[in-house]
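Heads up, there are several structures right after this.
Below, chain A partners chain B and then partners chain C, in two separate complexes.
Showing the complex of A and B:
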């Protein structure tokens, strides 16, 4: 039981971090980025190719994170430009369709060029006992990195001026503009940040299981579900929902069996949305 | 949250074309008859090739799906991301009822259609009841679609799991010959167009437009927004179920990928957006165009996905409203009658 909960927490932490990037971009700019999973895959591929070119692991990971941030910046500067001219549901819809196009282009290119590629980072050392349960070293390093990233994210939003500026835009765009915050610059910053988060998830995920070229779509769907369950625009909500769904998923998988466990996970997500449409920690309108 | 989204809608992705509806029925039936006449000629040209006729039948099945999805999403703004799942309820339902239970084929299709309509209506009723917005409706229906896909994979005794199963029922009938399935699906698509066209002209169509353009104003003017949304979802989902059922029976085998999210929902969304969301004829134009493009690109393999992505990007960067509203706009601007 304890082992399952710990496994679930590791998975959930990654779900949560992944969802945080998606939820920020949506909450801040009304942009739904369906190419989000592909940003993670691109970062993973950059790490993979750098390591193939004999770059040591840490600098390679650095390059991957850089690639993630860069992909966010590129989205902001290119395909999202027409999206910024729209408002409301039209804006969400156009952003969704355009980023779906980007996702296809990236998926198509990677599957065409590198159909077999997948990133696996091996962390040395034997299993470590936690609460009397042996855990793989890879899982532990992955959770540690994820937890650090989460803590950094929460500190950024609570304690720094820039983080507060971003939150003020999420709460009230007009008000933020009146006190001299440029919503567009904040959105660009957050798109870059979401790319960095996607890259971190790709790297930590690859310590537990391989991240393949076809993983993009599945990552996006997971992030989307966790985002909605946690409440759109709420970072703590995304983290909480990620951990909860991760635990539900792992426990259901070990006690009930695979295909029903996914259905239980999905039902739990659907019920949360129906009972609390604003999400676990979302702001009711 | 809602406040900053209300700064005017700009050029909406959901097209506002075909607003002016003329009252004469001829203006509805003539274009549909024209489309039917042109598409009826296709077997004269491709009839010799079993493969190409199969592609054409699949294209028409997608046209049917897109018309059903258009009724739900284009007309009443409910983003149903379970098009494949609803078609799959029709497909698996018809196949299992005809094959395992042994019902006559028309009965099996009818029951499966009914089931799809009811489930679609239920999803819509839940969404309306909880007043979920576009994205939330999208995610809830997406979750439903993923759960359905997993059920198909898991209930191997009933569905054959990953590999699906062969449908023996109807294998001796016209459903498995080379040409008749094409005319069956064409009739279905034209029938769906007529139903959607008639709905648009009735008071229900006015309600659809009113609630799509401004939901609050429609509600204040006495339109029962909730009721019309559920109606549209029931009719549209029944269309999806019937098309899925008949396609499965003409194909003779089904598997989860026949109705998968990536294979159906994504494609249908692109077809509809290409033709023009909320227009009457957009779905059929989009389905025909994408079936042809897909066949032309068949040799590209994985590169095809990339080309699709590039096409989607170009499409929405240049003509975000879709082809039919854009052309209609050009004609209206140039035409002397205005």
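Showing the complex of A and C:
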């Protein structure tokens, strides 16, 4: 049981970081990015191909993170342009349809060109015992990196002027404009940041299990579930829900079976919506 | 300082304000009075860059700002306090004020000026804006607007939702700002308060300017007395 909970936390931290990117873009700009998982896969492939071309691991990871950020910028500059002319539900709907299109194109291309590709980063060193459970070095490094990224994210939003400016747009877009903040520039920044987060999740995930070309939609679905449970637009909510669902997922997979874990996650999400429609830490409008 | 020429603006169904002309000189306090739905809010939202103009010009110190978005206009030196305030409810008083100075870091002098003007805000520095009373929120909205060090402050019905005593206090604070040389443009339904503050005024009815004059002249005008000062 302890092993399951610890493994669940490892997975949950990644869920949380993944969902943070999705929830921020939605909270800030009413854009639901269904190509989010593909951003992570593209980053993973950039790391993989760089390492295949004999680039050392750390610079290769750097290139992957860069690719993640760039993919966010490209979305902002291309497919999302018509989305920005709409407001409210129409905006959410068009962003959802267009990014789903992007997801299919990217997924199709990668599966056609590199059907066998998968990124696995091996971290040296033997298992480390934590609470009597031997944990793989990969899991520990992955969790350390994820925790560091989360801490950086929270410091950015709580303690920097730019981070506060981003939050102000989530809280009151008109108020933000009145103090001189350009909501669209903040959204572009956050799209780039979400790409970086997707890349970090891809990299840390590959330290625990392979990230294959087909992983995109699965990552998006997980991020969506965590986002809904945590509350749309809430970063702390995403982090908390990520850890909770990670533990539920691991325990369900271990005691019931992997084939049911997605159903159990969806059930947990559905129950949350029934009991608390705005999510764990979401704010009801 | 501010010159509005032939401004028309509205929504898809048609213009709500038509061919408005008015001006505000440096150091003046100018009021725009009119009943609910007369077009004051649409007028202010369009000159401040939150709403698109159908036609007309808005000159601020000679520069046409009519097609600029609100986030650029505030950097030129005009701060707007909307009737709905649009504070950041889940941020502290302090954070709201800090963001008022965006993108610069707020200087202590301006923060101290705001705290001296509204001592309540100093007491509630760490409190979330959304949990404060209407009067305190109004103080914070004005305080946040001052953080940008504007040369012109534009207020849309600053007494909205305030009890008479708090409304009077709000206008006292505006009086202090006026004495410090800040130029003020205010739209108001509570005409007696606005009249004490302002040098001049315009009366807006059905989206057009119907009368203008010094506050003293308007206070003597029988129509104004009847419609806005409750004198039969």
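Note that in this section the second predicted complex is superposed on the first by the 281 of 285 C-alpha atoms of A that agree within 3 Å, B and C clash if a C-alpha of one lies under 4 Å from a C-alpha of the other, contacts with A are read in each partner's own complex, and residues count from 1 in each chain.
Everything that follows uses one rule, which is that contacts are C-beta pairs under 8 Å (C-beta built on N, C-alpha and C of every residue); 3 or more make two chains touch, one makes a residue touch a chain.
Predicted, not measured: the structure shown is a model, and the values here were computed from it.
Chemist: Hey, is it chain B or chain C that touches more of chain A?
Modeler: B
Chemist: Does the superposition put A:180 against chain B (first), chain C (second), both, or neither?
Modeler: A:180 sits against chain C, while chain B stays out of touch.
Chemist: Applying the touch criterion given at the start, work out whether A:55 contacts chain B, chain C, both or neither, answering first, second, both or neither.
Modeler: neither
Chemist: For A:82, decide between first (touching chain B), second (touching chain C), both and neither.
Modeler: Only chain B is touched by A:82; chain C is not.
Chemist: Per the contact definition in the header, classify A:161: touching chain B only (first), chain C only (second), both, or neither.
Modeler: The answer is second: A:161 touches chain C but not chain B.
Chemist: I'd like to know which partner A:172 touches here: chain B for first, chain C for second, both or neither.
Modeler: both
Chemist: Hey, what residues of chain A end up touching chain B and chain C alike?
Modeler: 172, 174, 283
Chemist: Spell out the residues on chain B that touch chain A in their complex, using ranges where they run on.
Modeler: That would be residues 1-14, 77, 126, 130-136, 139-140, 142-144, 146-147, 150-151, 153-154, 262, 266, 269, 273, 301-313, 315-317, 320 of chain B.
Chemist: Under the stated contact criterion, what part of chain A meets chain B in this complex?
Modeler: For this pair, the touching residues of chain A are 30, 32, 79, 82, 85-94, 97-98, 100-109, 111-112, 115, 172-174, 217, 221, 224-225, 228, 232-233, 258-260, 262-263, 266-267, 269-270, 273-274, 277, 283, 285.
Chemist: In the complex of these two chains, what residues of chain A are touching chain C?
Modeler: Going through chain A, the ones touching chain C are 161, 164-165, 167-168, 171-172, 174-183, 283.
Chemist: For the complex, which residues does chain C have touching chain A?
Modeler: 48-50, 69-72, 74-75, 79-80, 82, 85-91, 95, 98-103, 105, 144-145, 147-148
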